[in-house]
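Got some structures for you, see below.
Two complexes, one shared chain (chain A), two partners (chain B, chain C).
Entry: the complex of A and B
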């Protein structure tokens, strides 16, 4: 039916669908308010855990040894920025990546699958919600950290950091599509998602610089866009080494294109395979 | 003649009382179901279960390495008498990981069945819910044994972790006490989730909160006094403290009187309390009609 609609009508329809998906996601989160509190507190708890570990090991928030690895003594600012940007990775993997499984669990997958809109429209709605939600959580985390811990991250340079984060988000959407495909193929993926989430946190410079990792692991991190977004954001704020803003912008745009194309292709393949095998609705 | 209960429903004929052997069969069947069927059906879960502990522990070690530039810390020595950071962290994280694993599998037991579509069948089975929970806990303990062995091998081979191996039986007794102490805790969480749903949120939050206040990667002394007091009342904290004393400081189990007393309190007080609480929440869920809901 969509094929015989005029293009502008079709685009309008898809945009409406995106907004309705966004509305649905907001409604769902309102239905479970404890989630908002959880998302607000969880990243902060992980910062505090590392803060206390730092206090136990070096007794302050500066470390000379850390400077030899990261180019800055201030490990606390380093981990707060890492944690704030990692929120975007987590929400992309858990949000878009697990969207299908969530709808399946709620018994609404079939209704969404047969709706006369593109699947990517549905994912864009979820992605839009995830992006807005992540911005809110990251902002609150930086605010809490600036109030409670001995750091000040509410500075004007954060505008540029937000720009880099914006570029990172598109690459993460590609990662989300990839995960959606994996969910279609392997079903029960919650533990696996958690593992990937933790692994990404472990092998990227979220809480420590790449130089403390074994060389082969650090090499893997070079293929993850978060590595460049973190290096660019920290460097721009004067926390660690830095090349130039243009370098990070170009790298992130390349990641955006490659990951969205690759993620979309994997999703397409997984959907076709699941349809052939009659797996779409099975648990 | 049909007899009616206090809420008007028909009182069903009681099933025959079963003995300890039958209870054991139920517990082991549930454990087998949880270990084999639910994992083999989803092979990715097996990968996650084996690698999960590794990616959980390693970031603490790497962060420690990044701020120390090595593996020994004078500050840690002043606070605890232990200077080798990986040994300190590994013992703490193993005990905490095991207790979280027990808590997760027990508390999430009902919700998981609900998602799998098997809740009604299990609920209608003429077996005690507590056998069901105990079966989940046994499964979690078997998984945890793999974690413990794997992480210890990693520690000894790559991190130069040195433990008082002659104290291993003492550490096993601490783990057994922790196993039963977590049963009461798990019953309370399972009851809460039965009524309020949203198990992921509650469990992730509890997990995150305990990760912060249990002295897993740092000693209690760095926490604010009020949090130290709360932490000391938790079974995981007592198990971590006792395990460190036994395995790192080579102290005997008999010297861990406070920890054993607190863990025993959890066993003798929290299990009956958890039992009563779970039954109360189950009745509440039935009254509200939310037992089977998502």
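Entry: the complex of A and C
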């Protein structure tokens, strides 16, 4: 019965559509100059903030007091890594849901919906854009830190950190599908993303090690993939406790599968409901 | 599987919007209310037919189009589009149709027309190698080749609607759904746009078209067949010619009056030459339509009755029955209230 389009053509079509979505996102983005300014300045400003914050708190880049919590004296490397990885979390949380919300507000969402393309293809295109954006910001942060600050993060070990980040991304995109579902269900996204963003930042070891948190809160962090990506990355670079690479890889892969399946299911439910209520496009 | 002659078929299609039944709404004890948007609609639209859905605001036109284009799930009944079931085969249905909505915002204003079309073409899974060529062909067809690199935000509403139509045609689907295609366009552009729809898209490109409108001239001028829709129900369905013929009377006198009284209406109704009347209020004035065999035979009497009832004739005209008159006769109200 599926004679309307052979499967291989369909797969090819979906792949090209992903690239066209990416292309469209880049074009739209380029036509808002303020976004370019943000992109150019953001990495430097954020790193300098962290640096001065560190100066005020510990006076230098190393801290013995910090070691008692974090298992490393290297405050600056610890926090720059946290910040660089959290970029991926932020953009993933903001990215797809917000892009879909934007289409909803602009009035283009129904036109996308009525097209035969899989909606996940559209999400992947957006995710690709977000991924590239995050890679740029994180890379510039690391590069800038290495040039200006007394740390060197441009080391070969960063390859493994990138690998862990890559594994983290898939789990985050499961979260992205979830947020798209939220957009369809609630026609609202900003408060949700802000809430989740802040919560994750608080309960995962982004700016401080888990050991400073009260035990129940630190326990929650165990259910968040970012915790493992951060621990693995820092541990591998020698700033913090470390188990084995396999341990972090396996855990992240499990998170990837669970979160993509769960996020996809929530999106599917929300999509059906919106089509029943006829409010895909409602503001 | 694909039907040879029938492009669109519906069986008792029904859509009831329910509001106030969500989890949070229940917690807040909001009242549940239901709107019947589409009610037991049975349609059969033939291949290459230009079919019009004509009805007033809120009649259910958009809802019906959205159901057929898979954007909205029906509550009861079923439908096939290009032979595919709208619920079970939504992918195939989407591959078979093009849709334009009445909103001007269905395109990216910050992209050029070409960029818009290439993007949407990719969402229709067009082959990469054919996409660019298809986009330039379709811009040519719409007469917009010279504006391919202009941002949509700088387009006139009319040209935006043309780009939306171009987008609907990108994957060369056999069936097009056009929701209020000329809404908000000035009369001369509407006329031009209707020509494109009828001559280029329907006749030359051989597309089956289902369009909605609340302009009766548009339906009259364009459509092979028309369905009147009111409160979700199809209340009449035929060719424009037959629909107009369904009014037996040869002439209609339309009065605009300052007031209407019961006795006035009953006395006019009793006149021998008058077969029936309909009246409604519009913008604080009263419209009285008198259906008659001959306007000349009863005009004097009617004006006499109106004057006796201390009402004023603000204007009047006699005319041949239009589709609007058919609609008014069927529903007792006009298309534009």
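FYI, the second predicted complex is superposed on the first by the 267 of 283 C-alpha atoms of A that agree within 3 Å, B and C clash if a C-alpha of one lies under 4 Å from a C-alpha of the other, contacts with A are read in each partner's own complex, and residues count from 1 in each chain.
Keep this in mind: a residue touches a chain if its C-beta (ideal position, glycine included) is under 8 Å from a C-beta of that chain, and two chains touch if they have at least 3 such contacts.
Remember, predicted model here, so these are calculated numbers, not experimental data.
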| item | value |
| --- | --- |
| Which of chain B and chain C A:122 touches, first, second, both or neither | second |
| Dominant contact partner of chain A by residue count, chain C or chain B | B |
| Partner chain in contact with A:48 - chain B first, chain C second, else both or neither | first |
| First, second, both or neither for A:20, with chain B first and chain C second | second |
| First, second, both or neither for A:7, with chain B first and chain C second | neither |
| Touched partner set for A:28, first chain B, second chain C, both or neither | second |
| Touched partner set for A:110, first chain B, second chain C, both or neither | second |
| Chain B versus chain C as contact partner of A:276, first or second or both or neither | second |
| First, second, both or neither for A:75, with chain B first and chain C second | first |
| Shared chain A contacts, counted only where both chain B and chain C touch the same residue | 32, 106 |
| Complex contacts: residues of chain C adjacent to chain A | 1, 15, 17-18, 63, 66, 69-73, 84, 89, 91-92, 94-97, 99, 101, 103-111, 115, 118-120, 122-128, 167 |
| Residues of chain A that touch chain C when the two form their complex | 1-5, 9-10, 12-14, 16-17, 19-21, 23-24, 27-28, 31-32, 106-108, 110-117, 122, 272, 275-278, 280 |
| Residue ranges of chain B in contact with chain A within the complex | 41-45, 47-49, 51-52, 55-56, 58-60, 62-70, 73, 75-76, 79, 85, 115-117, 196-198, 201-202, 204-205, 208-209, 211-212, 217-219, 221-223, 294 |
| Complex interface listing, chain A residues touching chain B | 32, 34-35, 37-38, 41-42, 45-46, 48-50, 52-59, 63-66, 68-70, 75, 79, 105-106, 186-189, 191-192, 194-195, 198-199, 201-202, 207-209, 212-213, 283 |
